[in-house]
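In this document, chain identifiers A, B and C correspond to the written order of the chains, with residue numbering beginning at 1 in each.
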Amino acid sequence: MIGIVSYLVFLATVASILAIAVLGLNLQWGNTGLFNGGVAAFFGAGAYGTLILGGGPQDGQLGGFGLFYPLALLGGMATAGLLAWGVGILTLRLRHDYLAISTFGIAVAFENLMRNAQWLGGGAQGLHGFERPLHAALGDGFLYNILFLLCVLVILVLTYRFLETLVASPFGRQLRAIREDETAARSLGKVPTRIRLTAFVTGCVILGLAGGLYGTFYAFVSPQDILPTLTFQIWAMLIVGGAGNNKGAVLGAFLIWGAWTASGWALSRFAPIEAQLYTGSIQYILIGLVIVGMLLWRPQGLLPERLVVSQTGHTKT
Amino acid sequence: MIQHLLDGILVGAVLSLGAAGLTMVMHMLRFANFSHAELLSIGAYSALVFDALFKGILPVLAAQIGLLSMTGTLALSMVFSMVTTGISAVIFDKLIFRRVREKGEELSMVFASFGLALIIRNAISLIFGLQTKLYSQDIVFATVLSREPLVLVKPDQLATLGITLAIILLLHFILSRTTFGYALRAVAENQSLAQVNGINLQRMIVVVWMLGGGLAALAGVFYGLNNQITPVIGRDLVLPIFAATIVGGIGSIYGALLGGFVVGIAANLAVMVLPSGYSPSIPFLIIIAVLLIRPNGMFGMERT
Amino acid sequence: MSDIALNMQSVTAGYVPNLPILHDVSIQLVRGTVTVIIGPNGAGKSTLVQAVAGLLTVSSGTILQGIDDITNIRPDQMAAHGIAYVPQSDNIFRSLTILQNLDLALRREKVDKAARRTELLMQFPVLADKLTEKAGALSGGQRQFLAIAMALATRPQLILMDEPSAGLAPKAAEEVLEMVRALTETGATILLVEQNVNQALRVADQCYILAEGRNQIDGKATDLLGNSVVADIYLGGKRMRAGA
């Protein structure tokens, strides 16, 4: 019994962490219309950043700062934000397909870097030696996992509230204006590039937060965690749940993660031995079909964006 | 260094052919097609299938051509592969991209292309298996062009270059001397004016996909001939091919052809400076450099 | 009863489906004449012409050419109906040479292409010297002549022209409008949109005045010159006399 509950706690924790990431992506895509093809890079920056800053000393590698955990997490988020700022400055003023290609490229380059730079993140073996916060006091058991899940859920709710407030605010209106008609927004004096940059960086900081939590949860991160697959999974979550809708983003995360895990389990259980090598391929085909299928059948997602009526016609005095 | 240059030119040939098709689609349909590189995989594997087929029914052609490892059947298979890959590209557009296009969102096509790429790549894995394959098991000896420094070249590489150059000349002839070529350039410059002058846009779109698919198939076969055939050809080439289109300027076929060689040579020369593990990042660095210095690339066109 | 070359009835049209620019507009073009559409900025004059050309969606109403219903044709089908359209701007392919532009326009020509090309070059001698120059390098007037030459390639019976004299020096503008008048000698019908009312009314037979996407007044060009209400509102308040 405990086993099943334990497993569900594990699933829920990962799904919630990914939900935070999807919320960050939603700010960029759903609200601002920005295509971030390199989600994995910013997620990874958060993970590696947090673990390097908060972890123990490493042989011949960057590390050993042993920072107080919340600081380490913030550091991870800042790393993601910095990376986002750099990429954003270069590409946000360009056409949307350039942004897609550049962000995709950043993810390829980041994974490539972490895989080769032994001194930075341990190379292909990944980053060890990180102690989860309060590990000494609470140990590794069921209690710790429940508490961890609760903390993640709290962070998820806070992130959700933050984004909902942002979307309803004047800044949110500006984002929607730029998304719908950039020329019109520009004629009203709004500077699209600066606004887009803010949205892009904020979204990436949230991605970094998710990455940091992910790394903390596993107390380990490696290049295998930041493959393009992750980007596709998070995109699929947003497309299924509903771009532009924060509730949809969270729903999509749980649905897709649940489906991914369930399909993985079903394939390893029921597929013949010879096919075991190909279970990954089958799962990727399923994700691809989900993405294409949703775009053809219900592009607005399961929970479409609620149309926000901003002006009620009253004049300001 | 000369060896690296030669290798780079060879890689460049593959990238040019891949990029030429991609740049046309990207400009006309206004989306970054992440599934274009998978057409190279489809081309390579189609040729494999045709090759096996022809070896069975036309064994007389199974002999190698001169010093090449390429056989008569493979040469024939290349042509057939170009046709089937072109048709596949048209089908993908009809089934997926056109429908997404009609729903209005240009960016949704980019997502759809991501999803399609995943499907194609993994379907190929399922059908053909994950192991690497080769067109020919025969060992072909490289010719030593010089000993000091050591420069080797394989006959297959020369054939690849030769055919690519011939195709480039053919493309140039079409674009500069035939009304069909003018029509292609017209559609790239101004779609609605092209229609006003009697060009059927839907038909042009089909032609562009066929052409892009055909060139991609050729590139895929060349890649498989000079390296190996694996399901991840597309995944490995998607970023370099995009880099080539950006270097050349999106919409310019000449730009893409040149850009392919630039990226190929740069990537191979960079290996002299950086550890080889970093080569996948080179195309990204090239993209950033272009965006910093000259975002429109060499011959980029503004859209009207 | 004169022969009607084009009959537009109650057309509502726009670039975006739910946002029409033209509301319930009707015009009739008499064969072999020049009809000009004038009106203030934003009246929908260009939109009207583009609607005939099939470049935007007509949501209600019909456009008839004789017995053929050509409402919402594809633009590339115009030539098959003997219609040609000269857009106001971006009306030639700058990256192609004059010769290539002409050959492109002649693409559908079934009979002797070279002969037709020679005919066109005789009609537009200014183009004949510069055949291998890129169209983007031409002057405004030369580009306009090329655009008209391209439109004439398919020997159209109905020619739609959107402000052909716009941005041209007075002499070039006059030449262009004289050529427009001369085109009717072959029996072609011309629909002209013009901002330059003086010159337009000099070459036109019929005139329609459009404002806010709707028909206002129409009639013989010479009659409208004498109408003081029209003069005040649409012709800038000055009294115009034909030939002045």
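In the analysis below, contacts are C-beta pairs under 8 Å (C-beta built on N, C-alpha and C of every residue); 3 or more make two chains touch, one makes a residue touch a chain.
Because the structure is predicted, anything quoted here is derived from the model rather than measured.
K.L.:
Please categorise the chain-chain contact pattern as a line, ring, star, complete graph or other.
P.N.:
line
K.L.:
Which chain would you call central, comparing Cα centres to the global Cα centre?
P.N.:
Central chain: B.
K.L.:
Once you find the CA centre of subunit A and the CA centre of subunit C, what distance in Å lies between them?
P.N.:
So the centre of subunit A lies 55 Å away from the centre of subunit C.
K.L.:
Taking the mean of the CA coordinates per chain, how far is subunit A from subunit B in Å?
P.N.:
Centres of subunit A and subunit B (C-alpha means) sit 32 Å apart.
K.L.:
Quick one: report the Å distance separating subunit B from subunit C, using the average Cα coordinate of each chain.
P.N.:
For subunit B versus subunit C, the centre distance works out to 44 Å.
K.L.:
Given the complex with subunit C, which residues does subunit B contribute to the contact?
P.N.:
179, 182-183, 185-186, 189-190, 192-193, 195-201, 301, 304
K.L.:
So in the complex, which bits of subunit B are touching subunit A?
P.N.:
Touching subunit A from subunit B are residues 26, 30-32, 34, 96, 99-100, 103, 105-108, 110-112, 114-119, 121-123, 125-126, 130, 238-239, 242-243, 246, 250, 275, 277-278, 280-281, 283-285, 287-288, 291-292, 295.
K.L.:
Quick check on the complex: what are the subunit C residues that touch subunit B?
P.N.:
That would be residues 53, 55, 74-76, 78-79, 85, 87, 90-96, 100-101, 103-108, 150, 154 of subunit C.
K.L.:
Going by the contact rule at the top, pick out the subunit A residues touching subunit B in the complex.
P.N.:
My answer: residues 33, 35, 37, 90-91, 94, 96-98, 100-102, 104-106, 108-109, 112-113, 115-116, 232, 235, 239, 277-278, 280-282, 284-285, 287-292, 295-296, 299.
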